[in-house]
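Okay, so chain A shows up in both of these, paired with chain B first and chain C after.
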Partner chain A sequence: MEYDENGVSIVPSGFKREIFEEARKDFRYEEYVRGCLNCGVCTGGCPPHRFFDFSPRIVLQNMKSKDPELIWTMMDEYIWACFQCFTCAMICPFLNSPGGIIAVLREIAVRRGFESAKKVLKPYSRVLLKLTAYGNQLSPDMIQPDFFPDWGPHIGYAATDLAAKRKAIPMPTLQVTNLSWDVAPEAMKELYDIFDEAGVFKIIEAVDPSLYEIIQDIVDDVRSS
Partner chain B sequence: MAIEISNRLGLANVKSDYIHSAGRKLEDIHEQLLELEAKGEVKVIHIKDENKPIEANTLFGWKKKIPTNKIWHHKSCGQCGNIPGYPVSLLWFMNQMGLEYVDERNQTSCTAWNYHGSGTSNPVGLAAVAVRNWHRAYELGLFPLFHCATTFGDYKEMRNMLVEYKELRDEVRRIMHKIGRELVIPEYIVHYSEWVHVMRFEIAKLKKYDLSNIIATVHPACHTYKMIPEDCIYDKDIYAGKRTAVSTGIALALGAQVADYSTWYDCCGFGFRHILTEREASRSFVMDRKIRPMVREAHSDVCITQDTGCTTTLDKNQWIGKAMGYTEQVPVMADVMFAALACGADVFKIVQLQWHTTDWRPLCEKIGIEWKKSEEEYNAYLEELKAGGKTINLYEYPK
Partner chain C sequence: MAENILVVGGGPAGLNAAVMLSELGVNVTLVERDSFIGGNPKKFKYKFLFPDMQPADNVIGELIKKTESGGNIKVYYSSEVSDFKENGKKFDATIKSAGGSETKTFDSVIVATGFEHFDPARDAKYSYQLFDDVIDIKDLERMMGENNFVRPSNGQPPKNVAFILCVGSRDRHIGNQYCSRVCCTISVKQAIELKEHFPDCEVYIFYMDIRTYGFFEDLYWQAMEEHDVQIVKGRIAEITSGPNNTVVCKGEDTLLRGPFEIPFDMVVLASGMEGGPQSPEISSKLGIELDEHGFLKPENITLSPFKSNKAGIFLAGACTGPKAISDSITEGAAAAMNAYTYAVKNR
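And then the complex of A and B:
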């Protein structure tokens, strides 16, 4: 990697073009990026636009420009500001989906293991672990006061006598503490096969190799059970 | 200073015979799905008479059948993990009505929260997970009912992609064969809030409390009505057909006042990734864009939701508002939980409000619910369970 006088990495223009071509070849591209009148209704309704330097109109205009340099400027933190609420897609008069094309760009960022994606997703690893290893995205025992101090003192309710409180929920599937519901091992094994075949495990390996190793240990245990 | 508005009912109960549907020229995916079935390309999970369907209108006036019986519950990660009264209230209603359903372990997450938060999946992975779960309902002869709005949005999107792209169908079919399943697609993708909506008048027959003095504000979930918006229920008697009718419909049917507020269309601030890793954004959004307008403009007694992430985000992030001097608070619960309260379900054992952070007791007292008695009984029940007692379940696994 080359660096400029400020220590910022110099990314070859050919690589930026490769990223743009990868996005453009995606089968969803034509559906998400259509004509754009630059009306800005998407940005006017965009929730994160109120709190971040982020505009779905800019996303669309950059994609429409077909300029790899402009598209590359969004691959760092910009695309990660989106809430994925799809307000933009619903209100766009031309049926564009800025939220949709952002999902495509995020997929590229994680598939290629960009440093920016690794940094953004580092605090997200607990959810990734829970989902890919067990088939649920969160569990009651993840709601701990030390992780959610800003949720107030009552959040400690889930931290005491959790097993009994879960047992008191009148649905047998929910009477566990380490999963949202008690996922059957055969369902987990099918999920692993899907992740293998669809390349999901490979994506996780690219974005967080250490986490990938932990997940694979659990997967091996469940598969051999 | 609170804004006084003369008509706090806003648009909620305004009726109209005129439905504006000009502009978009979309093909009805349902028709294309049936064509693929006729060609032998896919199998379709049909809604049958035994599902006791009720028809509703969607955004463009298309008809959508909502099954009310013989249901396979597709649970939500966040609801089951964090808001257990959400699915319990739904099952409680189905028991009250003598309806048949299965709730079992052989279900995985839809994985879509993770996808929208981290990008660590792709259309093949998402569609294969969807078809895997759909097929499980199919082999049991049941129709799947999706509890989470993100599941609902994701599965609508996956259904559309599977219908429109042969390459995706072929790839998902290959993966399904590998795990011993088939490519099946439900005739309609149905969210639990749609079940509640079409059953609202039956639910209202079970009402135990007068709600006429309760002011509700509705927060509609983005992934319910903004993702594949043409497949969401609209009703000319609710918001004059200009906004999605689900959740507002049940609150009105129960006799509550539904008040409008200026940020109705805004999201909750969940952001998928943000709720965990950029929480200052989520909590600012909650207070500035949702809770304060609900309280200051509409004097809301309760915020009614229809999704997992919204309920969590709006409930959990009010306490921290005090650090900014914000005093506005409003209890948050899903439409089905509010309905269960109104119909006399136990506050602790069924609606499970004890897991919620923002104080819901003033709402119960305004309705006339004796929550203290319920709490005492629940605490005694917990002690019994700790001593090895047996849980009284709403449902047992099929033998």
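And then the complex of A and C:
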């Protein structure tokens, strides 16, 4: 790795080009990046644009520039500001999908284990662990103030007396707080096969190697049961 | 023996074709679906025409007068061509009206079925019909024609007004990819009229591109330089209700300010032009081609924009695509000349 006089790492331009080429080769690229008049309707309707310095119009324009340098500048923080709500795609008069191209770029960041991807995906390691171990994405005991600051001021109350609250749900539940529902081992094995085929395990390995090891142990256990 | 020529549609193009043919001594049959002639300019009471702000009545009123006083134009009101057949090089058409059906043989035919104003309610983001103060250019034209410049919601003079261009045009979502050509100029014209009426009113125009082509550019410069109309690049993403009975336009000023949410007293949508249901109808009835935009397709868009793909059937006006009234009148004359030549050749 090369560094400049300020100690900031210099990314070789060949590598930036490689990232751009990878995005452009994606089968969705042609569908997502079409003409653009800079009308700004995407950004005008973009919810995160109200809170961050983020503009789907800039994302699309950067892609259309075919300038690897401009695209590289988005990989670190920019693409992670998107909510993936696809309002931009819904209102673009050209049928562009800035949200879609962001998904393509994010997938590259994840596949390649970029630091930005690791940082953003860290909170999801709990979810992934729960999912691979029990086939549940979220269970009541995962509702903890530290992990869901975005749930607002009542998250503290929501996290208390979970067992009692669960009993109050007027339909059959498992009456436990570490599971939402019971998943059969056959279903779990099927899920692992899907993860294998879709490259999910590879992604976990790239982004969080220690989590990958834990998950592999669980997968082996279930598969051999 | 005089030629018989059928003109379908009594707007600027059809009327001018009928008047010119009648001056040549042709027996003209004019089929008009409405109970009046004059087309959309009459129907929606256009008041002043760009670029010179002359009263629409100078143009439309004049054409109507000539049509009605021309001895050899037979106008069928509230009528339609119910049946159409080729008869050698001539055409047999049945005209259905309140007075019953009548079949005649014509030497040639001019189709001038015109356009429809895009209905902005089809694009939900503009909240047309949801808020009283969101209107479109045809509504404002009619209002100003009735000397009514105030807000529909409360009858008060507006303190600020936004014009939004390209409503129903250049948008794949609503299915119209083309530019409607005249809405930019109409909006600029109306912005000037509003400023002349309320000099203190702030007027904004939100655009993607301003297409005041040719000499219409004069109006655009005039709006900026003499009337201080604010021209902002950015399409409006959403119109919502705001404080104090306002409507909020949300968008991005892509050149200067970035994101904005501005409350307006009144919003005017520059809705575009569409081929309307009449274009596919007349296309299938007469066996002439429809284009991919929903308008009638000329045989050769550059060499013979007034000819259909079928010999003896000619096209004029906005039925072949969005255009200004002056262009429609020119095409009416061109189609008349061609329809007359065809009729004389096949006498």
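Definition applied: the second predicted complex is superposed on the first by the 189 of 225 C-alpha atoms of A that agree within 3 Å, B and C clash if a C-alpha of one lies under 4 Å from a C-alpha of the other, contacts with A are read in each partner's own complex, and residues count from 1 in each chain.
Assume a residue touches a chain if its C-beta (ideal position, glycine included) is under 8 Å from a C-beta of that chain, and two chains touch if they have at least 3 such contacts.
Bear in mind the structure is a predicted one, so any value in this text is a computation, not a measurement.
Of the two partner chains, chain B is the only one that A:I143 touches; chain C does not reach it.
Contacts of A:F15 after superposition on the shared chain: neither chain B nor chain C is touched. When both complexes are overlaid on chain A, the residue A:G45 reaches chain B and chain C alike.
Within the superposed three-chain model, A:R57 lies in touch with chain C and out of touch with chain B [touch as defined at top].
Within the superposed three-chain model, A:L95 lies in touch with chain B and with chain C [touch as defined at top].
Contacts of A:V110 after superposition: chain B is touched, whereas chain C is not reached. Looking at the shared chain after the overlay, A:L37 reaches chain C, while chain B stays out of its contact range.
More residues of chain A lie in contact with B than with the other chain of the pair chain B and chain C.
Counting contacts as defined above, chain A residues 45, 50, 87, 90, 93, 95 meet chain B in one complex and chain C in the other. Residues 27-28, 45, 47-48, 50-52, 80, 83-87, 89-90, 93, 95, 103, 106-107, 109-110, 117, 120-121, 123-124, 126-128, 131, 135-140, 142-143, 148, 150-155, 157-158, 161, 164-175, 179-184, 186-188, 190-191, 193-195, 197-200, 203-204, 207 of chain A touch chain B in their complex.
Within the complex formed with chain C, the chain A residues making contact are 37-45, 49-50, 55, 57, 87, 90-95. Considering their complex, residues 125, 166, 170-173, 208-209, 233-238, 250-254, 259 of chain C touch chain A. If you check the complex, the residues on chain B that touch chain A are 23-24, 75-82, 84, 87-88, 91, 103-109, 111, 113-125, 128-129, 132, 136, 153, 161, 165, 167-168, 174-175, 178-179, 181, 222-223, 225-227, 229, 265-267, 269-274, 276-277, 279, 281, 283-285, 289, 316-317, 319-320, 349-350, 352, 354-355, 357, 378, 381-382, 385-386, 391-397.
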